[in-house]
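Next up: some structures, all given as structure tokens.
Each of the next two complexes has chain A plus one more chain, namely chain B in the first and chain C in the second.
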Partner chain A sequence: MKVVKLPKSKVEEFLSSLQDFGEVIIPKEKTEHPGVYYFDVMENPSEMAWEYLRTIIPPKKYLHKPREVIFKFHKEQGYQEVIEDKETKRILFGLHPCDIHGIKILDVVFNRDYMDPYYYARRKNTVIIGLSCLPDEKCFCKSMNTDYVEDGFDLFLSDIGEDFLVAVGTSLGDDLVAERAHLFSEVEEEDRRKYLAFRKKRNESFRLELDISDLPYILDLEQKSPIWDELGKRCLTCGSCSMVCPTCYCFNVYDTLNLDAKSGQRIKQWDACLFKDYALVAGGHNFRENRAERVKNRYYHKQFRMVEQYGKPSCVGCGRCIDACPAGIDVVEVLTKVREGSYVTH
Partner chain B sequence: MENIYQPLETEVLDVITETPTIKTLVLKPPRPIPFRAGQFMQLTVFGVGEAPFTPSSSPFHPETMEITILKAGRVTAAVHQLKPGDRIGLRGPFGKGYPIEKFAGKEILVVGGGVGLAPLRALLYALFHEAEKYQRISIKYGARNPAELSFRRQYAAWQKIPNVDFEYTVDRAEGDYRGKIGLVTNLLDNLDLNLNNAYAVSCGPEVMLKFVTLKLLSIGFKPEQIYLSMNRNMSCGMGICGRCNIGPYYLCKDGPDMNFADIQKYPDVFG
Partner chain C sequence: MSKPKIGIFGLTSCAGDQLMILNCEDQLIDLANAVDIRDWEMAKTNNDEECELDIALVEGSVAQVRDIENLKKIRKRSKILVAIGTCAVWGGIPAMKNDVPRDIMLKEVYGDKVEFIESKAAQPLSSFVKVDYNLPGCPIEKDQFLQMMASFLNGDMPEILNFSVCSECKMKENICQIVYKQEVCCGPLTVAGCGARCPSHNVPCSGCHGPIEEVHYDAEAKMFQRKGIKPEEIIRKMQVYAAPAWMPEKLMEELQHESK
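So, the complex of A and B:
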């Protein structure tokens, strides 16, 4: 892999220059809530929150939109395709490895048996530029093997102090560097040592650990465990964990009619398997009526069924669900207790 | 690039009232939609929304498609308002359909309940197309009351097909009904068939599917000899949206007709 060096003194110039390519999305800090971060369109490179932790909503919101119009319909003209942001060229800048892994999972899900034209219209116009990070007490990407990325990015910036090492992941990334060659320099021996030192420091910074060895097997054995009922008593099934999850992709499709009663829109909108009406069918039968069944379904989808279907779990250890849960449910704690068989209600 | 979500505008040729709660739409798509028996379509009612239904017509006549629908919710209530000449949207087919190739030379036991006979009718047409290929086709059907017996005008013709026997029952008799009374599972008592060479296929309400399955198992059917139509609120049809999973399976993509051996261990099979 080609690696070049970008001095921090030139990084804002680099960021500004990316606007020539298209819309640049960066993590920003909420002025009214210090320490709370969100992805948004960059207006000025000084808005970039270099030391950010996880954002509230992951960058999937730019690819799999929270709510989008997928067709406009009219009684005479039928259903006409609408693909929002179809022509928008966009750079997702500053993504941490966990979020890049999240997008890698969505890339597979939305193009397995059928290609989702909405996701892919946006995906093919999206550039991903990653950024190294240091974990906090809710990060467990190291346990999920998502703490580093070898692909899935166009460029990846690693912080080595005065400079960033910039790994080039694609030919498009190579072009982005080549077009701005004056900003970059060669990597020197000292930089390599700094990078290894950074890696060591980062590896030693993880405080949260989850043992995922043979976890699908253990979950399969624990299908009827009382743990799920206990969890069902705590979980409010509010769906916050799904909304903030980089890999949750469930959605619903529905129509809304305009006031003229002749035209309207077909909407595709995020949904969550935790919601009470999720498995409700016409006639009133609900296939997962109680909360325990729904919360269990979410855990099994992430850690069991995804492994069966795609070969790896769909949890990237970003810690957002731990942060977002109003009932204080911690996925690491739950899965650890499943393994130990030691769950007790709080 | 073809958009898999795009509904194909389709004319309603006719609307047949099957029972007080069930109607059949006869549809004329602008181009034939080839499908396998058991595969389903996503049907759009203009301005109301989209819902999954399995055709009830013969896969050998894809130029017109019939879909038989029970009035049960929002979209189906709108379906029941449709008139000849109206236009609806179709996309699909989705799912795998019945593994009809496996049925050659076998005794096929088809067990339907209520509107569940609709998807099964597509299978029956496919089986009747080459009825001699199968050892025997036994159909057992139950409805709530005589008025709710779907496709009643066809029973006499079906009973005349060599290799085919057809029996039906109602939960409650009414009026001048003189046929069998009782649950459809009663028709599975004293079955005269070679269990080693049989498959059972069932479609109906969840509670009926459950008791039919238990009955079949108690008779001696092995789980891998039982196919069940598992239906959920499929929103995409492509194994993405996540509304229809049982264990690792997405019913829209891996079903909706599932081999019971594959799904029996998952607790939400019958809801």
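So, the complex of A and C:
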């Protein structure tokens, strides 16, 4: 992998220059709520929150939109396909490794066996530029093996103090560097030492740990554990955890109609397996009628069935669900207690 | 196809939901062209008070004796009866103090010499007649109202939302009023549809759309209790819109049992 160096003094110039390619999305800090971050279109490179922690919603919102029109229909004119943002070239800048892993999982779900044209149209026009980070007390990507990325990005910036080391992941990334060659320089011996020191510091900063060895096996044994009922008593099934999850991809499809009684549009909107109507089918049967079954399903889908189906869990350890749960349900605590068989309700 | 005949009515209410219909300014002409509004006391003269209706939209709770008769008459002449607004769907704000005897409340509000009001504990329409569709909100949302009308015009029943405000709140990337501000927010209990209007203005959800189907009062109350908020405060907030009449007593029992 090619690695070059970008001095921090030139990074804002680099960011501005990326607007030549297309829309640049960066993490920003909410002015009225310091310490709370969100991804948004860059107006000015000074808005970039370099030291940001997880954003409320992951960058999936640009690929798998919270709500989108997928086609319009008319009684006489037939239907007309709509793919929102189809032509928009977009750079997702400053993604942490967990979020890049999240997109890698969405890529598999939406593009491998069955191609989702809406996701794919936006994905193929999306450039990913990663950024190194330091964990807080809710990060457990190290446990999920998602703390580093070897692929899934076009460029990846690692903070080594005065400079960023820029790993080039794709030929497009190489072009982005080559077109701005005057901003970059060669990596020197001292930079390598700084990188190794940063890596060591980062590895030692993780405070939250989750043992995922043979977790699917343990979960299979714990299908009838009382823990699921206990969680059902605490969970509000508000779906916040699903909305903020980088890998939750479920959606509902429904029509909205127009007052002319002739036309309408089909909508695709985020859904969650925690919602009561999620597993409701025609005829009125609900496959997951009670709350505890739905909460349990979320854990089993992430840590059990995804492993069966795709070879790895669909949790990237970003900590967003821990942050977002109003009831204080903590995925690491739950799975640790399942393993220990020691769950006691509060 | 002939235009569906519509009637719009208000029982005991603030008329806010009917006002919201009039507020659909950009779509009002389309709407008026698509339907035949036969009976709407608030908005037009020359109403036909006896004709048969395809759709009746009824606002307000049943909080006076005469409301019952009016409502039954509307039901009789309508193919589809829709409860519009949280008062009509759940009882709403008028039902908040159903535990106070009416004669005491009447005296407090109007003094001694009131004879014209036959007040009774406020109840939703569904306590008296069959309701075909519920459109909650305080007031109703324009978009949801228009969507509902469009569904009826297409010979369809509108979709019933059955997930909470939290999902819409997260999609808007608001900060969580519960997690960040330790406020009693009714978002997790309350049916979506408003686009998380209040939390988007940094105010906790007051629950004005009423509860989702499988509402989890005890989990929400215990959650706030764990955060050190007094049960009375939790109940007071939750009772405004989001809770049916039996809730406070049952919840108090549970919370006291919990704290022992």
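Here, the second predicted complex is superposed on the first by the 346 of 346 C-alpha atoms of A that agree within 3 Å, B and C clash if a C-alpha of one lies under 4 Å from a C-alpha of the other, contacts with A are read in each partner's own complex, and residues count from 1 in each chain.
Methods note: a contact is a pair of C-beta atoms (placed from the backbone, for glycine too) under 8 Å apart; a residue touches a chain by one contact, two chains touch by 3 or more.
Given the structure is predicted, the values throughout are model-derived calculations rather than measurements.
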When chain B and chain C are modelled together on chain A, clash or fit: fit
Partner chain in contact with A:326 - chain B first, chain C second, else both or neither: second
Partner chain(s) touched by A:240 [first = chain B, second = chain C, both, neither]: second
Which of chain B and chain C A:264 touches, first, second, both or neither: both
Touching partner for A:172 - first (chain B), second (chain C), both, neither: neither
Touching partner for A:196 - first (chain B), second (chain C), both, neither: neither
Contacts of A:249 with chain B and chain C, given as first, second, both or neither: first
Partner chain in contact with A:221 - chain B first, chain C second, else both or neither: neither
Which of chain B and chain C A:41 touches, first, second, both or neither: neither
Cα-centre angle that chain B and chain C span when viewed from chain A, reported as a multiple of 10 degrees: 70
Partner chain(s) touched by A:32 [first = chain B, second = chain C, both, neither]: second
Nearest-approach distance, in Å, of chain C Cα atoms to those of chain B in the combined model: 6
Doubly contacted chain A residues - partners chain C and chain B: 254, 257, 261, 264
Touch list for chain A against partner chain B, complex: 70-71, 73, 75, 78-79, 81, 109-110, 112-118, 223-224, 249-255, 257, 261, 264, 266, 268, 271, 273, 278-283, 285-289, 293, 297, 301, 304-305, 308-309
Residue ranges of chain A touching chain C (in the complex, touch as defined): 30, 32-33, 36, 38, 55-57, 66-67, 233-240, 242-244, 254, 256-261, 264, 270, 272, 275-277, 291, 323-328, 346
Chain C to chain A touching residues, read off their complex: 27, 30-31, 34, 146-147, 149-151, 153-154, 156, 159, 162-164, 166-167, 169-171, 173-176, 178-180, 185, 187-189, 202, 212-214, 216, 219-220, 222-223, 226
Interface residues, chain B side, partner chain A - complex: 1, 3-7, 9, 44, 46-51, 70, 72-76, 87, 89, 205-206, 231-233, 235-236, 238-243, 245, 247-248, 253, 265, 267-268, 271
